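Letters A, B and C name the chains as they come in the text, with residue numbers starting at 1 for each one.
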Amino acid sequence: MRNLKRQLLAGPYILWMAGFIVLPTLVILYYGFTTTSGNFSLLNVTSIAFSVHLKALVLSLKLALSCTVICLVLSYPLAMILNSMKSKSQGLIVFIFILPMWMNFMLRILAWRLLLSNNGVINSLLGALSLPGLDILNTPKAVVFCMVYDFLPFMVLPIYNAMARIQPDIIEAAKDLGAGNITIFFKIIVPLTMSGVISGIIMVFVPALTSFAISDLLGGGKVLLIGNVIEQAFMQEYNWNLGSGLSVVLMVFVIASMALMNSHGDEGGGTFA
Amino acid sequence: MMKKSIERIYLFVIFLFLYLPILVLIVLSFNDSKAKVVWGGFTLRWYRELLANSAIMEAFYTTIFVSLASALIATILGTLASLGIDAMRGRGKAIMLGATNIPLLNADIVTGISMMLLFVRFTRLGLNTVLIAHITFNIPYIILNVLPKLKQRSRTTYEAALDLGATPLYAFFKITWPQILPGVLSGFLMAMTMSLDDFSVTYFTKGAGINTLSTMIYTEMRKGIRPEMYALSTILFIIALILLLFMNFRPAARKERRNP
Amino acid sequence: MSKRLIDLQHISKSYDGQMVLDDLNLYIRENEFLTLLGPSGCGKTTTLRIIGGFETPDTGNVIFDGRDITSLAPNERQLNTVFQKYALFPHMSIAENIAFGLKIRKKSKAYIADKIRYALKLVNLDGFENRSVDSLSGGQQQRIAIARAIVNEPKILLLDEPLGALDLKLRQDMQYELIRLKNELGITFIYVTHDQEEALTMSDTIVVMNQGYIQQIGTPEDIYNEPTNAFVADFIGESNIINGTMLQDRLVRILDVVFPCVDVGFGNDTPVDVVIRPEDVELVEPERGMLQGDVTSLIFKGVHWETEVLANGYEWLVHTTQMHPVGTHVGILVDPYNIQIMNKPESNDEKAVEIDA
């Protein structure tokens, strides 16, 4: 009985969730599947097939995928190096690699705009060395660049955590049984860090897929992602039904990508450990 | 040795990638020139202009208020919820844990939009709606930090307190609370930083005239970049540095790390 | 005697300026069950890790079968280790764990399948092939760790406190299992433990270590009956260690009483440590005793009574099968063969210490 009383402590949270998670989800579904006059319609959802929308979705998927792959390729060696450091300096170095993530999201975008612009810092440096300038601002490349910068820590941390959890004697046991460094890497380290890799992929892919601010500020209006389409439907065209319908499609993609990733790992554990 | 130096170089390149943008912002904040890449001498002008800019300062105060208030309320709701969830078993618990993950994994833009759609039906968008939205996405961070501490705590000490004549409430505050406090604190700090950094949810749930720093900078950047922004970046970087140092190197966190 | 399989020559090792092993010399014969025994920090695990290749000694050589293997990596050595905390690969099934080393050696599928079956049978876990690691108990995991090591047919099996995490009953069962395994496999076992009972039960040879030095090497009987110094006497079983003076050969004075003994070669009037095991002290009627005292404490231990007798200012620890109530006036009798004479410690590591191992 005492136990039941304690369970009631979750009551306010359950009410809060019902009011601000479940209810809003129902509302967005309602808008997504109705017309402005309130009649049931699939048009908002199926409008994803319009060429503008479809192009934006495909571009979003492409950029999010590139961003995820780059983050993974950069993070895995980084996590290995961090993990191999002497424990004394390790705390400090991990700290150094998390710190930039805590800088305001918008200011990080601002910084990249400064660095990448035509008469910006990177091009001035390249010019001083009489090298050809880099003209990537207002292109998808700049957007991916900034996404990698923003989301890299989300990939590094779960992989690093998974790696730090591997007991040293597991590695020693593999060596003892005759495994060389390559075998240890592929047969022991990679499988044992898989849960971290999967968490990292989800944590990078989802925000990259759904972001609209980065493409808005670094794409110069030329890079239209599905997030931008949705944002414009709400804030410029005031077409809430269309925006909601496209949001529902986006949600489906988010859920599908997570389901796909989770089916590859034994469990999604380790996400925030 | 070869391998070691390759590792060093790799770390350095990533380090450069992470810090070069921040360094540029900091240097520019002291640059007495409107042009981006010309060094016009040292100045504190942009800091003075920043402090004199009432719109930015108001956004700054709003940001601090929203993040502190939302983190505090989320901490109370989340800690209570954790105690409740910890007492649950089986399917009820699984459902609660699954539901807690939704706002963490859902796209920010969808979270923001769905709440906006709900809010406009009942009230006007303003500071309150931003606050509610922030509390909503903050609660899971509290639960994720407090639940593991509840699981780790020794139940026998609580029972020993009851055995020695303590009331459940007294035993909770004297025995359980100190054991979960580190989790509550780190949850609070994590929630606060999530709230400080949020853009998308705030963008959709705020009313006209209300701005946090994120939405403010967003609007400004669409118009063009003003040097006060560099000064603001520098200040925010230093705040983040201090906060993170506090989180990572406060005595309690140390002790935990030593006896995992 | 069979030939030397491992020869450790002048091995020294220190961490951060702290000496862990100091000029250690030790050889291990083929088909021997050798135990490195000592309290934590005595250097036994470091010695094992140097043999296994997980540590490189600062100085000295490791000779294996006539070949210097000091700088060989663990994966290039013909020996396998059973780790203290099992170190099974959590992402692999039992069969995959056991097959790990064989796959690296590119053995055929049929050979591997045969070996897995054979090894599981050997450790009494037939049919466990497809179980997952987490579904096994500690004792079962330990058996799998052994199976995983022995399928590679190492010449030497290194065991690092393998029974340390098991409960008492299981530990005793596993001791007999290990002896049986060693006999069936006919290979050398090098075993590290801080548990003297484990060492005495299983070993052919025990190496007692303390503070980086070897204190004594011998059979279990030697070590127990004739400890060479106070540390060994104290670490192996319980002892009365008493200050004495060797008057001449075969005559020692303890607590102002002269005892006949069998030891020779200590010189005349030399200060020595005298070791008398509690079960070797006989309690008799006062008038028959070589010295007399009073029982001060009595505890029933099941197989014997643990009795303490205060006699001539020394608190004697005595194990008897007869009960002598507290306050009884008794005589103490010791057979000359049961008196063990040792030189006084010359260094810190040879002294008796309180050990909470």
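In this section, a residue touches a chain if its C-beta (ideal position, glycine included) is under 8 Å from a C-beta of that chain, and two chains touch if they have at least 3 such contacts.
Note that the structure is a prediction, hence the values are computed from the model and not measured.
Traced through touching neighbours, the fewest hops from chain B to chain C number 2. More C-beta pairs in contact connect the chains of A-B than those of the other pair, out of A-B and A-C. With centres computed as the average of Cα coordinates, no chain lies farther from chain B than C. Chain geometry summary: the mean Cα position of chain A and that of chain C are 56 Å apart. Centroids built from CA atoms put chain B at 17 Å from chain A. Contact with two or more other chains is made by no residue of chain C. Only residues 167, 169-170, 172-180, 183, 187-188, 191-192, 194 of chain A touch chain C when the two sit together in their complex. Here chain B touches chain A in the complex through residues 7, 10-11, 14-15, 17-22, 24-25, 28, 36-37, 77-78, 80-81, 83-88, 92, 96, 99, 102-111, 113-118, 121, 132-133, 135-136, 139, 144, 168, 193, 196-200, 203-204, 213-214, 217-218, 221-222, 225, 229, 232-233, 236-237, 240-241, 243-245, 248, 257, going by the rule given at the top.
Taken together, the chain A residues at the contact with chain B in this complex read 2-4, 6-14, 16-17, 20-21, 23-25, 27-28, 31, 74, 77-78, 81, 84, 91, 93, 95-100, 102-115, 117, 119-121, 124, 149, 152, 202, 206-207, 209-213, 216-217, 227, 230-231, 234, 240, 243-244, 247, 250-251, 254, 258, 272.
The touching residues of chain C, when paired with chain A in their complex, are 52-54, 73-75, 80-81, 83-85, 87-91, 100-101, 104-105, 148-149, 152.
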